[in-house]
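Have a look at the structure below before the remarks.
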C-alpha cells in the first residue's frame, strides 16, 4: 500500500502518554506514516503538523476528561487553515465521568469529528476503520 | 405490662434457624411470652399453637424463598379455625430473588398479613411495631 | 440402628433402587445402561472429575458458582451466563427446597406458578419433576461439567435423575446434610441415603464412568470451628470410600480469618490422607474445596464484593482446587444471573491477583494447624472408638453422645451444645465445647485464646458475644 | 541551575510569595494571619496531621479517596457522600488539570460551561478560581480533614489558597510531579516550586499550625519498580525536611503483587528512616501510604472491585497508615460520588477482613526486601554523590544522567530508558535498567528473575512483553 500519513497527539494539558505510545506503535506496524506530536499540544499544533506533513488524518487523543472543552472549534480551525477536508478521529476518555457513549459520540460528531471512540478502544479497531476511511485496500 | 403471647416459627421446609433463635431471644427480652415452634412447620401447626396458647399474634419466618407459596391461604385457614382476627406478621427473605420490596409487601398484605418485613430487619423494629399493634404501652 | 460402613451388595442396592425409582414417575426415565453410554460419549471437558483432577495437578483454583431456577429454559440461560460471562470453570445445578424434601407435589405447583408469574417461584431447579430428558437438555446446552447441588438428606432420586441425565458431580454427604438441612431425620437414615448415592456413583465407576463426589463441609455455615468441619469431612470421605467412591473432594466454609482459613484447608487435606492411610485406602483422589462466606452477608453490594474477593484470595493463598462462589445479592435473595456472573468474575480476578503465591507457614500458623489437627483427630478417633472401628456406627453414636456436634443445626438429633465465638485475632474458637472429646492441651489453648479476647475487649465472652459474632460481617462498618 | 536543598530565607520567601499571590485575583484573599487563626480553631479531627499521627500510633489503616468536581456545591455533596456513605477517614479535593497547569482562564470557562451543562465539565475543583472563601465553605461543610490533591508541578498558588481556606494536607512533590504531569518543566524548577510549598507549610508550623505533607510515590503509576519509587520518596522527603517540614507521608503505587508490594512498603519506611538518621533529622514524623492500582483498570466493575479489595488487603497486610482508594469507574471516567463511596466501602471492608494480620516475612520476602533496599539506596547515594551531598542538586543531575529515571514519563527531561516488566512470580523487574546505578548483585538478581519468566513462558521477554504487562490487569480473564 501507499503509506498514508497521519498526525497524532494528545490534546490539552493532558499527561497520559501510555495510550498514545501504544497507538503510535500499532499504527506504524500497520503501515501508516505517523507524526506523533506527543502530549501537551493545542489544536494549532495538530493543524500545523498536518499541513507540514501533508497528512490525511488527525488523530486526537484526550484522556483527562477535558476533551469536550479542548476540542471545541477544532473543525472550524482546520477549515480556516485550509484543511477543512481532513479526516478527524478522536479517542480516549473523552469526557468527564461515565456517560452514555451515544450522547458523547453525537457531541463530538457535531464538533466535526469523523470517528469517535469510547474509552479503551483497541488499536486494531481504530486502524481498521482508518484504513476503510482513507481507502487503504485491505489485503 | 401484661405479657402478650405470640407464636413464632419458620414455615415450610426451611432449614434456616439462626434468625428464628435471634428473634425469639429478642422477643423474650422485651417481655413477650413466646411459643417458638421452630422450623419445618406448616400453617396448621402455627394455628394449632396459637389456639392452644391463646396467642394474639403469629410471627411467620420464611427465609428460603418459598414464602410466597407457603403462605398462600394462611389468613383463610385462620378464619376457618375461628381465629381470623389474629395479628399476623411475616419476615425473612420472603420471596425468590432480589425484588422491589414494595411489590412484595403488597402481595403479602393481600394474603392477609398485617406486617411484612424486608430481609435483615432488626428485631427491635419488629418488636416496636408489635408493641404498637398489640397495644402494649411503651414506657 | 442398622447402618454400617460396608459396601452395599448388588442385591441390596438393586432392591433399594426399585423403591427409589418409583418415588416419582420420572424415575422410570432412568436407564443405567443408556446413561453409561451417554456419559462415555461426553468429552473430557464435560466431566467434573477429570476437570478437577487436571486442575489439582496444575495447582489451579477452579471457580464453581451455585445456581438454579424453576424452569429448564431459564436454567439454561443462567448456566450459559455463568459460563460465558462469568467464566465459570464448573457449573452448578441447585435444586429447590421442595425437591430437597421430596415434596414433588409442591415442586410441581412451583413450576406451574413460575410459568404463570413469569419468574422463578422456586429457589432451585426441580430436577426430579423435570425428569431425565429435560435435565439432559441442560447438559447439551453448555460446555462445562455440571454438578448437582441438592442440599438434602434425600439425595437418592435426585442423584438417579441427574446422573442419568449426564451430570458428572454430586455435592452432599450423609452427616452434614441431615445435620444442617432438616429437623427430624436421624443421622443413621441420612448416612444410609448417602450410602445409596455413593453406591450408585461407584456403580457408574465400575462401568467406566467417573463421577465426582463432593462433600459439603460448610454444614450450617455458621462459624463452624475447623476441627468440627474437618472431622465430619473425614468421616464422610470414609463413608464414601466404603461404598467404593474414589474421586472425592472435601470442603470447608470460610470463616474469614486469613490465617485460620488457610491453616484449616491445609490440615483438611493432611488429615484426610492420614485416615486414608490408616484405613489402607490407596487409590482415592482427594481435592480441597473452599466455600466463600456461608453466613449472613452484608446487604451492601460493595462490602459484599469485599467478602467475595477475600474468599477468592483465601482460596488461592491456600492452594485450594475449588472455590465455591457467592454473589452480592446473597443477603437479599437468589441472585440474578448477572449478579451470579459478577461473583465469579470478581473471584477469578482475585485468584489472578494472588498470582499463585501461597500463605507462608510461620510458627503461628504451625501452632494453629497443630491445634486444628488435634481437634479433628480427637473427634474422629472418638467416633471410631464409639463405633468399634466402624465410622458409620461411630458417627451416629458420636452425634448422640455429643462428641460430634454441629453449631446452630436445625436437626433435633444434633446436640447443639457447642457454641462458637471468635478470639482476639479473629479465629473461630469455642465459647462452649459441649461434649467434644478434646484433650487438655486443646481445651487450654482454646481458653487462652478466649482470655486474650476478654482482655482486649475488657469484657467477658458470653452468649451475647457469640450472637454478636454471627452478625459481625453483615453489620460491619 | 540554582536549586539547593536549603531552607529559603524569610526574605526570599516573602519576595516569591508576592509574585505567587498575584498570579490570579483570588490570591488577594490570602491572609496568613487570619488563616493561622482559623486553623487554630479547627477541632483536632479536622486536622490531617493529627488524624494520621493518631492512626499510625494505633496501627490503623485510614481510607483516603480521591475526588473533585467543578462547582463548590457539587463538591460539597461529593465530600459528604464520601464521608457519610463511604466512611472516608480523610477527605480529598482533587483539582482540575487547567488549574494544575495554571490555565486559570480555561478553568474559568470550565466553571461556566459546567454551570450551563448542569454537570461537571472539569476533572477537578478549580480551587484557585473559586478562591479562599468559597473553598473554606467546603471545610465548614464536612467533618473530616481535607487534603489538596493537585497533581501539578505548579503547586504554589493552589497551596496558598487551599491552606488559607483550612485544608490541612497537601499531596505532591518536586520530582514526582514534574516527571509525571508535564512535558517541558525542568526538575530544577519543579523542585523550586515544591520548596515554596514546603516553606509555606513550615511557616504555618512555626506559627503553631500543623499541616500534613504527602509525597505522591506513584509517579506515572505505570509499573514503577519499587526501588525507583522509594528512591524518589526519600529524595522528596529530604527536600521537604530541608524547608522545615516535619510531618510527612511517603507513598507507593501498588503493583498488585502481594509479596513485592508489602515488601516495598516496609522497605520504604525503613529507608526513609535510614536517611533521616544519616542527615540527622530527628523530629520528622513519617507515615506510609499505599495507592491502589494506578494503572489501566479493568472496565468490568466486578473485576475492578477485585483490584480495589486486593488493594485494601495489601494496605492492611503491610500495615500502611493510609490507603488511597480507587473506584469501579476508573477505566471510564471520573467516578460518580456513589461509585466513589463504594470504592471506600469495599476497601474498608477489606481492611476489616484482614483483621490486623500482617504478611509474614519469610526468606523470600527478606531477599526481596534486601534487593529493593539496595536499589533504592544505590539510586539515592548516586544522586547524593552527583550533587556533592545536596539532594536537590543531586536529583536534577541524576535525572539528567539517567541514574534516576521514571518509566513512561511525559517529561522530556526524564531519560525514559528504564523499561519495567514483570517476572515469573509477578514482581516488577527491569527489562532495561537504563543508566540506573545498580551494582552487580542487583543486576544479576534482576537477570535471574527475567530468565525465570522466559523459561516459564518459553519466549524471550522483550518490549512487547513489557507492553503486554501494562495491559495485563485491564485485559485479564
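Note that the chains take the letters A, B, C and D in the order they are written out, and that residue 1 is the start of every chain.
Going forward, a residue touches a chain if its C-beta (ideal position, glycine included) is under 8 Å from a C-beta of that chain, and two chains touch if they have at least 3 such contacts.
Just so it is clear, the structure is predicted and the values come from calculations on it, not from any experiment.
Enquirer: Hey, if chain C just vanished and nothing shifted, what pieces would we be looking at?
Expert: Result with chain C masked: A, D | B.
Enquirer: For chain A versus chain C, what separation do you get between their C-alpha means, in angstrom?
Expert: 55
Enquirer: From the C-alpha centre of chain B to that of chain C, how far is it in Å?
Expert: Comparing mean C-alpha positions, chain C is 31 Å from chain B.
Enquirer: With chain centres taken as the means of their Cα atoms, state the distance from chain A to chain B in Å.
Expert: The mean C-alpha positions of chain A and chain B differ by 64 Å.
Enquirer: Going by the touch definition at the top, which pairs of chains touch each other?
Expert: Every touching chain pair, ordered by label, is A-D, B-C, C-D.
Enquirer: Can you tell me which positions in chain A touch chain D when the two form their complex?
Expert: Residues 12-18, 21-22, 25, 38-40, 64-66, 68-69, 93, 95-99, 119-120.
Enquirer: Can you tell me which positions in chain C touch chain D when the two form their complex?
Expert: Against chain D, chain C makes touches at 87, 256-259, 298, 300-303, 305-307, 309-310, 312-313, 341-343, 345-350, 352-357, 359-360, 362, 365, 425-426, 476-477.
Enquirer: Going by the contact rule set out above, which residues of chain C touch chain B in the complex?
Expert: Interface residues on the chain C side: 96-98, 100-101, 103, 106, 109-110, 113, 119-123, 180-184, 220, 222, 296, 299, 329, 331-336, 339, 408-410, 467, 470, 474.
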